[in-house]
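Dumping the structure here so I can ask a few things about it.
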Amino acid sequence: MRTRLWLELSAFVVLAAVVVLLPRFVSDFRARELAIVGMYFIALLGLSVLTGFSGQISLGNGAFMAIGGYTTAILSVDGFYGHQVRDLWTIPIAGVVAGIAGLVVGLPALRLSGLYLALITFGIAVSFPQLPKEFDHFLGGTTGKILNLAKPPFGLSTTANNWIYYLTWGIALVLLVAAWLLVRGKTGRAFKAIRDSEVAAVSSGISLGRYKTLAFGISAFYAGVAGSLYAIANAYVNPDVFPIILSVYLVVGLAVGGLDSLFGMIAGAALIYFLQNHADTVARWLNHLPALSLDPQKPGIPSVVFGIVLIAVMVLLPTGVGGLVRRLFGPLTTRLYTRS
Amino acid sequence: MRVFVVCAAVAVMAVASAGARPVATPGVSSDEIHIGSSVPLSGEAAIAGNVARGIDAYFKYVNDKGGVLGRKLTYTYLDDGYDPGRAVNNTIRLIQQEQVFAVFSSLGTNNNLAVRKLLNDAKVPQLYVSSGATTFGRDYKKYPWTIGYIPPYSEEGEIYGRYVVKNIKKAKIAVLYQNDDYGRDLLAGMKRGLGKKAKSIVASVGYDPTSSDVQPQVTQLKASKANVLMVFAFGKFSLQAFNAVSRLGWKPQIFVNDVSSAASLMAIVPQKAANGSISIVFGKDPASPQWANDKGVKLFQSILRKYGNGASSRDLKDGYFTAGMATAYTLVNTLKKAGKNLTRQSLMNAATHLTERGNPFVLPGIVIHTTPTSRFPITQVRLQRWSKGAWRTFGPLVSAKPG
Amino acid sequence: MPIAAFTWTEFAQQLAAGIREGAIYAGLALAIVIIYRSTRVINFAQGEMATFTTFIAWSLMNQGLTFWEAFPIVLAIAFTGGVVIERTLIRPVENAPVLTIVIITVGLALLLNGLMSLIWGGANQQFHGPFSTRTIDVGGVPISVQDIGIVAVSVLLVALLALFFRFTKLGLGMRAAAVNRDSSRLVGVRVSWMFALGWGIATVLGAVAGMMIAPVVFLDPNMMQTILLYAFAAAVLGGLDSPVGAVVGGILLGVTITLLGRYVGFIGSTLKLPAALLLILVLLLVRPGGLFGKVAVRRV
């Protein structure tokens, strides 16, 4: 048990060090890309709490990201009673608004389980992009809302991309610690109890209603923060910025990361970002294998690559990267009992 | 908590920051000009991405003939899958990583709207936008680095409206339109063209692009007993509309908007419904026998064959490639006009003082013309009618310059 | 904008269109339910598999075959394809968490979509269905022959499947394997092959749905994406483990969405699906297993 704690702490320190130093070694544009990976990471942390730890499948967290993104957009463009809000301060507000939406969604979710829950949350992901189109006066329709470009505050002399990177990963590290403390504490134990057996949890006195909705609220808060950052980075929101497939990709990232492995979520985030945006690079790597000839410019190749890699990763690592890490480090952290 | 995060981030950044210094004129060197686009190469609108392939072929042709005032053209086009979020990412990548001189002919109304502000803020030309949304030519005071190219949708709608007033007695008009700015732009233009006869519109129904089929909408429109149908629908929805009209046994005079009028699309709908349809056109349609012996079309095909990177025989008849070459021709002209001392400002000056005649890929007689306060390069079109499997133009050049 | 006046003729036509839409959702929803019942997996690739097989039919017809000549060939290919996919992709990971398998189907969907663009291009294609595009007079209302044909084929297919499940040994075996794997094994049912059979049948259902709808909406790689969403909704509405529910749910959903979109002003085209999903959610709160489904027993 203690060994495990030390391992996780050192992993965190390594991560923090990498985060701080990485921009020195990569291009400015790459820093921006890594920032977006960070945003996915934040959203996946929330999803891990919900699905990995409390066992409730959600295929709708893209909608919570959208709520966060739109909150930021509306506050910074239209302002609050005419007063434009600085993009930075909208982040926590966006998280809270999304979190409240999550609590609301959590209520009917109490009655549903398993794949019924998954498909209803998927229904939310499907329905949400329609709302800005219907209420286009307030939400901007398909034209969307255009924000001011992100600028480093207090006149700091750094590039906009580096600013977004540090902002995102700063928040990500803080939220990682928060999630870690949460799952190790009383709430986390309640979540795990519910995940493993609801009936047993209830008979131990855990209030299903309270904890299950709380899990939704937390995961929505995280997604909202991620969405808010995404809106700031892109300086633009419209229904296509948070499409239906985003919710699916989040679950993909969750599975690749390894459901209840918080650190694994980094791998999940990296995978969904790079497969979407750098399928051409992956295609070129795969071309080195014999008998494969994938011209990245041909239509459909990016999807083919994404699909093949995804299937391969899931077949080879059914419990995700987190599961793999646990298997590798498991012997270190379990006491071996010998019987003579 | 939040304050702590920000302070931590600031302290860390003080250690690590080293901002990039801007280059004199990015994308231009003594022997090269680097141009970039973001277009759909995958997804729903992938065929429209052929515009970029046409541009690419034309640039290679120009390079072989010595380039532009001694500089070769390098063209980078990225796939955005018609997704504005990816268009933003691509455009930022083009200006920051690829360091292009100008962003040119990016495709899609929402995509271009998404990047317009960031390009203008960065003072990068957003040239010859591949979208007919009226705002790109109209709102230059706020966005001086942006300029459109193809005839704006509001003008197109207005031309249809005027035609109906002039040529169709007792018209009762039904409109099927896509429920976003593109469809509504067309509808608004048409109402303007009808003027006092705006009451001729007996039914108008919008559809959402997430629909799977527009038959219910067409059924509703038919019930209004209209004798004219405006199809302001995109791609497959336009196809489905023709299908539905045919299946319901309805025979209105159909007007189909330019974006959905590609010959390859018109050829696969029930011809009973398609025959007699009217649309507008500004380029020479390589699929039409009308231009079979035209020098401009022959030039287009020879360029595509030689530089088109494996163009198929179907591509040689694809109007999207021609549209791309037309735009590329205008850009090359603009670059020449901007002179040897090439800066982004001199480029915009050239683009807003343009008078181009003799573009081989557009209809004869069209003058591509801009002034700093009139930023719609192409406003002249001809009406065309579909019959016997091809489009044929009729009547003189018409224009309805948008306000 | 003003809603056009109500006429009985138009209502009948909208109803017919709704039933036809619903028949397509029913076919796909049935495929989803069959796979769910046997392997407990939601197959996200169901739509793409249907489109893929439809493209194969299209290719065959381009080579000169008529629709009815290509039809049995495509069904055979679809069946084989479904079985092969189950054997190679699903079986090896059957002990993995359900979520992992679902993600594999997502990967499969992406792969198939990309392959379709690669092999046949992304442009819309015309698909010549077996039914003429004439209209016939049904009680004074012009109804499309195509719509009637699509519904007829769907009804026939569902009836055949019902007979298969009810009266054949194989069908009984599939039903047994879905309900209780271990007991079925004990009585000699080859459970693993029953699952493969389920995937084969599901793929055939998808292929038929694809070939029925392609003449109406035009064939392109993304043809089934929106329809798949409606099919999920229909499957949930009817109850994920009820084939009857899938069919009823599909038709009910098709009719409701079409009529809601047409006759309820503020819903229109944009909010059709969200409105339908909201109604389904309300229903699920009252009956958590859908119309015909059973809620799983929770074991301690």
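By written order: A, B and C. Residues from 1 in each chain.
In this section, a contact is a pair of C-beta atoms (placed from the backbone, for glycine too) under 8 Å apart; a residue touches a chain by one contact, two chains touch by 3 or more.
None of the values given here were measured: they were computed from a predicted structure.
Asker: So which has more C-beta pairs touching, A-B or A-C?
Answerer: Counting C-beta pairs in contact for A-C and A-B gives the edge to A-C.
Asker: Measuring centre to centre, with centres taken as mean CA positions, what chain is farthest from chain C?
Answerer: Measuring from the centre of chain C, the most distant chain centre belongs to B.
Asker: Starting from the mean Cα coordinates of chain A and chain B, work out the distance between those two points in Å.
Answerer: Computed value for the inter-centroid distance: 36 Å.
Asker: Between chain A and chain C, tell me the centre distance in angstrom, where each centre is the average of that chain's C-alpha atoms.
Answerer: Computed from C-alpha means, the inter-chain centre distance equals 31 Å.
Asker: Where in chain B do residues touch at least two different other chains?
Answerer: 42, 46, 179, 208, 210
Asker: Mind pulling the residue numbers of chain C that touch at least two other chains?
Answerer: 117, 122, 270, 273
Asker: Got the chain A residues that touch at least 2 other chains?
Answerer: If we look for residues of chain A contacting two or more partner chains, we find 130, 133, 299-300, 302-303.
Asker: For a test of understanding, state which residues of chain C touch chain B in their complex under the given definition.
Answerer: These residues of chain C touch chain B: 1-2, 4-5, 7, 9-10, 13-14, 17-18, 21, 117, 122-126, 133, 135, 142, 144, 146, 216-218, 220, 222, 226-227, 230, 258, 261-262, 268-270, 272-273.
Asker: Touching residues of chain A toward chain B in the complex: what are they?
Answerer: Those residues of chain A that touch chain B are 20-21, 23-24, 27-29, 32, 88-89, 91-92, 129-130, 133, 141-144, 146, 149, 152-154, 156-159, 161-163, 166-167, 170-171, 174, 234-236, 238, 240-241, 243, 277, 297, 299-300, 302-303.
Asker: Looking at the complex, which residues from chain B come into contact with chain C?
Answerer: 42-44, 46-47, 179, 203-208, 210-213, 215-217, 219-224, 235-236, 239-240, 243, 246-249, 264-265, 268-270
Asker: Spell out the residues on chain B that touch chain A in their complex, using ranges where they run on.
Answerer: Against chain A, the touching part of chain B is residues 1-2, 4-6, 8-10, 12-20, 41-42, 46, 79, 83-86, 88-89, 92-93, 96-97, 110, 113-118, 121, 179-181, 208, 210.
Asker: Chain A touches which residues of chain C in the complex?
Answerer: Those in contact with chain A are residues 36, 42, 44, 89, 92-93, 96-104, 106-119, 121-122, 221, 229, 232-233, 235-236, 240, 270-271, 273-274, 277-278, 280-281, 284-285, 288-290, 296, 298-300.
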